[in-house]
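Both complexes shown next keep chain A, but they swap its partner, so chain B is in the first and chain C is in the second.
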Partner chain A sequence: MKKYILGRVVIALVTVFVVITLTFILMRLIPGTPFNTGNTNMDPEALAQLEANYGLDKPILQQYWIYLSNLLHGNFGTSITYTNRSVTEIILRAFPVSLDLGIRAMIFGIAAGLLLGIEAALHHNKFIDRFSTLVAIIGISVPSFVLGTLLQLVLGLWFSGWIKEVFHTDFQLFPLARWESFRYTILPSFVLAMGSIASITRMMRSSMLDVISQDYVKTARSKGLSERAVVWRHEIRNALLPVVTIIGRMVGGLCTGSFVVENLFAIPGLGKYYVNSVTARDYTLTMGLTIFYAIFIVASTLLVDIAYCFVDPRISLTGKRRNRREEKR
Partner chain B sequence: MLEIRNLRVSFHTYSGEVQAVRGVDLTVPDHDITALVGESGCGKSMTAQTVVRLHDMSITEIKSGEILLDGVDLLKLSDREMQQVRGRDVGMIFQDPMTSLNPTMTVGAQIAEVILQHAERDERGRSRITKAESMARAEELLREVKLPDPEKRVHQYPHEFSGGQRQRIMIAIAMACHPRLLIADEPTTALDVTVQAQILELMRSMQQEHQASIIIITHDLGVVANFARHVSVMYGGMIVESGTTRQIYEQPEHPYTHALLKAIPSKGMDKRRELTVIEGIPPDLIEPPVGCPFADRCPCAMQVCREHLPPVTQVEEGHSCRCWLLDPDCPPGMRARRRYEDDVHS
Partner chain C sequence: MKRIVSLLLATALLLGLIVIPAQAEDGYKSITVAIPSAPSFTIDAIGDSNGLTINLVREGLTRQGQGGALSPDGLAESYEHNEDYTRWTFHLRDAHYQDGTPVIADDFVFAIGAQLDGTVEVSYPDFLYEIKNARGVVRGTATVDELGVYAPDDRTVVFETEYPVTYFPQLITHPMHFGYSRAHAEKVGYANIGLEPEYFISNGPYYIDSWIHDDKIVFKKNPYYWNAENIAIDEIVVLIIPDESTRVNLFLNGELDLVDFDASRLSAINAGGFEARTFNNGRTTYLSANLDRPAVRNRKIRQALSSALDRDLLVAGVVKNGSTPADGFVPVGLAGDDTRTFREIVGPTLKYPYDEAKAQELFAEGLAEEGIGASDVSITILTSNATENATVSAAIQQVWEETFGITVNVEVLESASFRTKRSNYEYDFVFNSWGADWNDATNFLSGYEQTADHNPAQYYSEAFNEAYLRGVYNTDVAARVIDLGQAEAILLEDAAIIPLYYTSLYYATSARLTGTERRAVIPYEDFYFADVK
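Presenting the complex of A and B:
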């Protein structure tokens, strides 16, 4: 186990290094510089002065080397567009918000997805099954900006207007934007979760259908177990295994912020900084955020892989050889 | 004692209603082993699964019949009552031990589960056996089915066992509550020949110890010969011949039974001779033939065979057969011809 994790950590470090290098190269390949994105009429001398200030006049390899050595000291550098704010500071300020939103969406997506998927499989080809298909199609095909705006219009405007008319109060159950109390989180979490609801529903449904026709479910029934015990202990438990993998893959995607959802609901998360940093050619910020994302995703994948071997006894991370020896004995 | 009377079962598919079981009468005596023999799709599994209602009930329809287990008609039980019968009165073993066990539960837990389910309960509905006690019993059962190191093995998962070992575990599960009847649906088909004999031997010793009866479903007459005391041969959804194993092997009456016996390879057989095969395919049970189901493949088929279903004829005590050749009006020449066919092929 220890050896396996160590190996995975080494691979993770290599992955992150490759990500750093590739992003560095790609950023420099985008035309323009932080101070000249194409249509500036700044004095060329002043421009050169500015670039020299940030060390952008040095040879590219040297810049790369400086960046790496700073990184090793835990220094992500200062943002170029948000002057005087370090990249670390921006991440520390905005990431908790994105993480909060992501976790809410995860919980919502997993709960709704599993429930819908299980019910759909247990009532195969009945109403709930078709309903789950509909939800999945909507969740996968409707982009979040369409769903988000639609919900803002219907629930945020029309519904609030109706409440105002009937109850004579300014209370808004689904505020249009901002990130203040629980009420504010409902709509964005739902919009962000919609994609995961759809894929978890589909995955759980097909996995359940597969398990239901397995021989061991028949064995469970032949023991005279109650229907509840058959469904929970034998069907759902086994059907969850493949779903755990896709849930693992979602963690990284959901918790690192979504530009569209955060922009739509004016949520001060990381997504906004990321997209803006690219358009502004804010080299340090883009690099810093990419590295941060990479570390986060690599780490969550590793955690899920380790968790998986606790969920499925057939998978052992290191014990393969030992097991075989035991069988011979 | 299990008695099946005039059982008819159909299941519905997209192409129509399949009449899988078309009037089966079967008696399984106490403390004895009965074999149900026939080729794939002849209705033998369907018959056995109907006893405990284990098939997909949404597409299956039990048309008529009675299944009496010690006088109680199992077909009249509610789903709830049937659930009590499963595992407690009737145990089951399936064909493929590799897929019959839950991969994410330890084998001990899977045995303990059935013990807890049927344990006596106090007035509050709680089982009188604790989890630990049921696990100890599971360990004991593993010892009974002769699995080495039961105290260690009980905490292991199915993937850590071989096919034969897993079938032993299935036997432990099936026998955990001392059922009166054990239904074994092709229990050795998926196993190596050497392991087959061990599993059959284990089933026999468990049967004797627990004073149970066994119905073994198989298409392998070789398995039957050394194991079962009674044999019923099924074809096209009905039982065409039944009797003691000795009667069936020494004096088979039905041409289908004849053909099956001739298809068994034997040790002293001439190596150059090809195995006898039964030409043709079993009848389509969506539109079953009006006459004898075997008529199309039978070497001695007569006009009457295709038009009318033969009645059951009592050949001797305990030996009955459904064939027109046994009818008193059957021309002696036809019976002679069957004997002739035998000689030509052997």
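Presenting the complex of A and C:
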């Protein structure tokens, strides 16, 4: 186990290094500079001084080495667009908000997705099954900015207006935007979760249908176990496994910030920095964010893999041992 | 199921009881507005998001007043100039920062010097180049002690300029000319100025009370501000809302007191029962020609291309945001002499307005001069991917192709790539717009002078230089406008640029907000004269 984790950590470090190098090269290959943002060209002398401030006047290879050695000292550098703000400061400030939103969306997505998927499988081809298909189609095909704008209009604007008219209060159950109390989190969490709800529903449904027709389920039934015990202990538990895999993959996507949802609901998270730093050619910020994202993804994949062997004892971490066990079987 | 529903309703009700907003104290006036992205409070803070916030917390020697005139308010109580307008002396009021320390003349010497000698990072030091030796300090050929800003005593600031600047009091309403306390800057460290509320001191009508990054900034009335008794609003909450549709919805929901919006939201604003207002934001949209390119280098062809464009139709049918057809380059609303605007004095200078017959005639002559046929002409219009720019470029493409039977390509690029191509002159025409940074025509014309660092059209004309420099060095305020008008006419006779329209912005305010002020220069809301009912 220890050896396995150590091996994975080494692979993870290599992955991150490759990501750093590739991002560095790719960013410099895009035309454009972080400066010269106004409507006219800068004074060339002033431009040269700015470039020197950020070390951009040095040969590219030297810049790369300087960046790597700074990184080894834990220094992500300062952002170019957000003058004098360190990349670490920006990530530390904005990431917790994105993580908060992501966790809410995860909880929401998993709960709703599992419930819908299970219900759909248990009532195969009934109303709830068709309904789950509808939800899945909407969740997959309607982009979040459309869904978000629609919910803002219907629940944030019209519903609040109706409440105001009827109850004469400024209270809003679904505020339009911003990130203050629990009420404010409902709409963005839902919009962010919609995609996950859809995929978890579909996955859980098909996995349940698969399990339901298995022999051991029939055996359990014929043994005279109660319906509840069959569903809970035999069907759901076994159907969950493939779903755990896709949930693991969702963590990275949901918890590191969504540009569209955060932009629409004015949430001070990390999402907008990914997009804005690239359009602004903010090299240091883009590098910092990419490295952060890479580490997050690599770490969460690792954790999911480790968690896996606890959920399903049949799966072992190293391929070798599994083969041996299969031979035994 | 019923139990769940009732439980949910009960929870909602309970939440409602907890979060019912506290009633505002009697007479405490608070307004809420929104801006699209985080502002900056560094010494050189200019730029798109700062126009609204910077004037709340920093004050210059002079201040823009109502209706385009200068206000008698500002940190200078009085000022005078020498005969040829190259030496300006300002006498400071008894004014203070939010911590009670006095505003002194050295604040200006420090802040302007720091932006030129590299003490703080600056992108556009050019804004200060009218000051004597400013360019030299940036280039390292002069020291900051030789800079034309002096403080003979704590209450007197003296500026010396490279050339006569008759509009100097207007020019220094631009925030790069504002002062900042040297002592405070040294205390917090130059690189930290303005990063957090505790790293910034205000000498303006408001101070930064709290700042949640990327979310909201609360400005409160500065009790130490010299004119605090005439500032009506006690608190200005500035939300950072990146998405325009969200801003408009928040406004319609009564959560914002002011919103800027584009033409597509007009019906929503009207349907909400609000009055959509429009104002000229001192910006001209134009095509800039690359004079080195085949076909486009021919003056008659450029004149023909200009004559082919029906600007009335363009504004009414494509732009549709209250913009007006351009009849010159310097936009309406920019100051001329003390009583009239530049455009009122000079009149229209667009030499080649819409005239299809003339366009055909000029085009034929131009082709003959170049010895080419219409089918040999292929023109690329470079534009950024902003919706308006791309749409208008496409309309122009269609008109030119249909009128002359030539090939026109529109190259739409995201902004950073667009700027790179523009600075490398990789275009025949580039779709540009230029907004006023200070209230004078030189702001628009200076770029075409022979010695300019950045001449966007690579335009060199003896006649233009002569007229322009005559205007710059003319200290007769009325006569210099005529000179500058002649320079503008020469530029447009050469059709080095093809003006399209003077842009406008839509905005709306809540019913309770009064006395708002929008102007052509730094076209952001100014709450100095505002009040709430």
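Note that the second predicted complex is superposed on the first by the 312 of 329 C-alpha atoms of A that agree within 3 Å, B and C clash if a C-alpha of one lies under 4 Å from a C-alpha of the other, contacts with A are read in each partner's own complex, and residues count from 1 in each chain.
Here is the rule we go by: contacts are C-beta pairs under 8 Å (C-beta built on N, C-alpha and C of every residue); 3 or more make two chains touch, one makes a residue touch a chain.
All values derive from a computational prediction rather than experimental measurement.
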For this session: Label the relationship between chain B and chain C on chain A in the superposed model as either fit or clash.
Result: fit
Exercise. Quick one: chain B or chain C, who's touching more of chain A?
Worked result: C
Exercise. Looking at the overlay, does A:S160 come into contact with chain B only (first), chain C only (second), both, or neither?
Worked result: second
For this session: Once the structures are superposed on A, label A:T33 by its partner contacts, choosing first (chain B), second (chain C), both or neither.
Result: second
Exercise. With the two structures laid over each other on chain A, which partner does A:T256 touch: chain B (first), chain C (second), both, or neither?
Worked result: neither
For this session: Quick one: classify A:N238 as touching chain B (first), chain C (second), both or neither.
Result: first
Exercise. Who does A:T23 touch here: chain B (first), chain C (second), both, or neither?
Worked result: neither
Exercise. If you stack the two complexes on chain A, which partner ends up touching A:T284: first (chain B), second (chain C), both, or neither?
Worked result: neither
Exercise. Once the shared chain is lined up, is A:S189 touching chain B (first), chain C (second), both, or neither of them?
Worked result: neither
Exercise. Shortest C-alpha to C-alpha distance from chain B to chain C once the two structures are superposed, in angstrom?
Worked result: 26
Problem set entry | Complex contacts: residues of chain A adjacent to chain B | 214-216, 218-226, 229, 233-234, 237-238, 241, 311-314, 323, 326-327
Exercise. What part of chain C is in contact with chain A in the complex they form?
Worked result: 12, 15-16, 19-21, 38, 40, 42, 118, 121-126, 138-139, 191-192, 195, 212-216, 239-243, 245-246, 249-250, 252-255, 414-417, 419-423, 432-435, 447, 453-454, 456
Seminar exercise, completed: In their shared complex, chain A is touched by residues of chain B numbered 52, 54, 83-88, 91-92, 94, 96, 99-106, 113-114, 117-118, 157, 159-160, 162, 170, 173-174
Problem set entry | chain C-facing residues of chain A, complex | 30-33, 35-46, 49-50, 53, 82-85, 93-94, 149, 152-153, 156-157, 160-161, 169-173, 176-179, 181-183, 263-266, 268, 272, 279-281
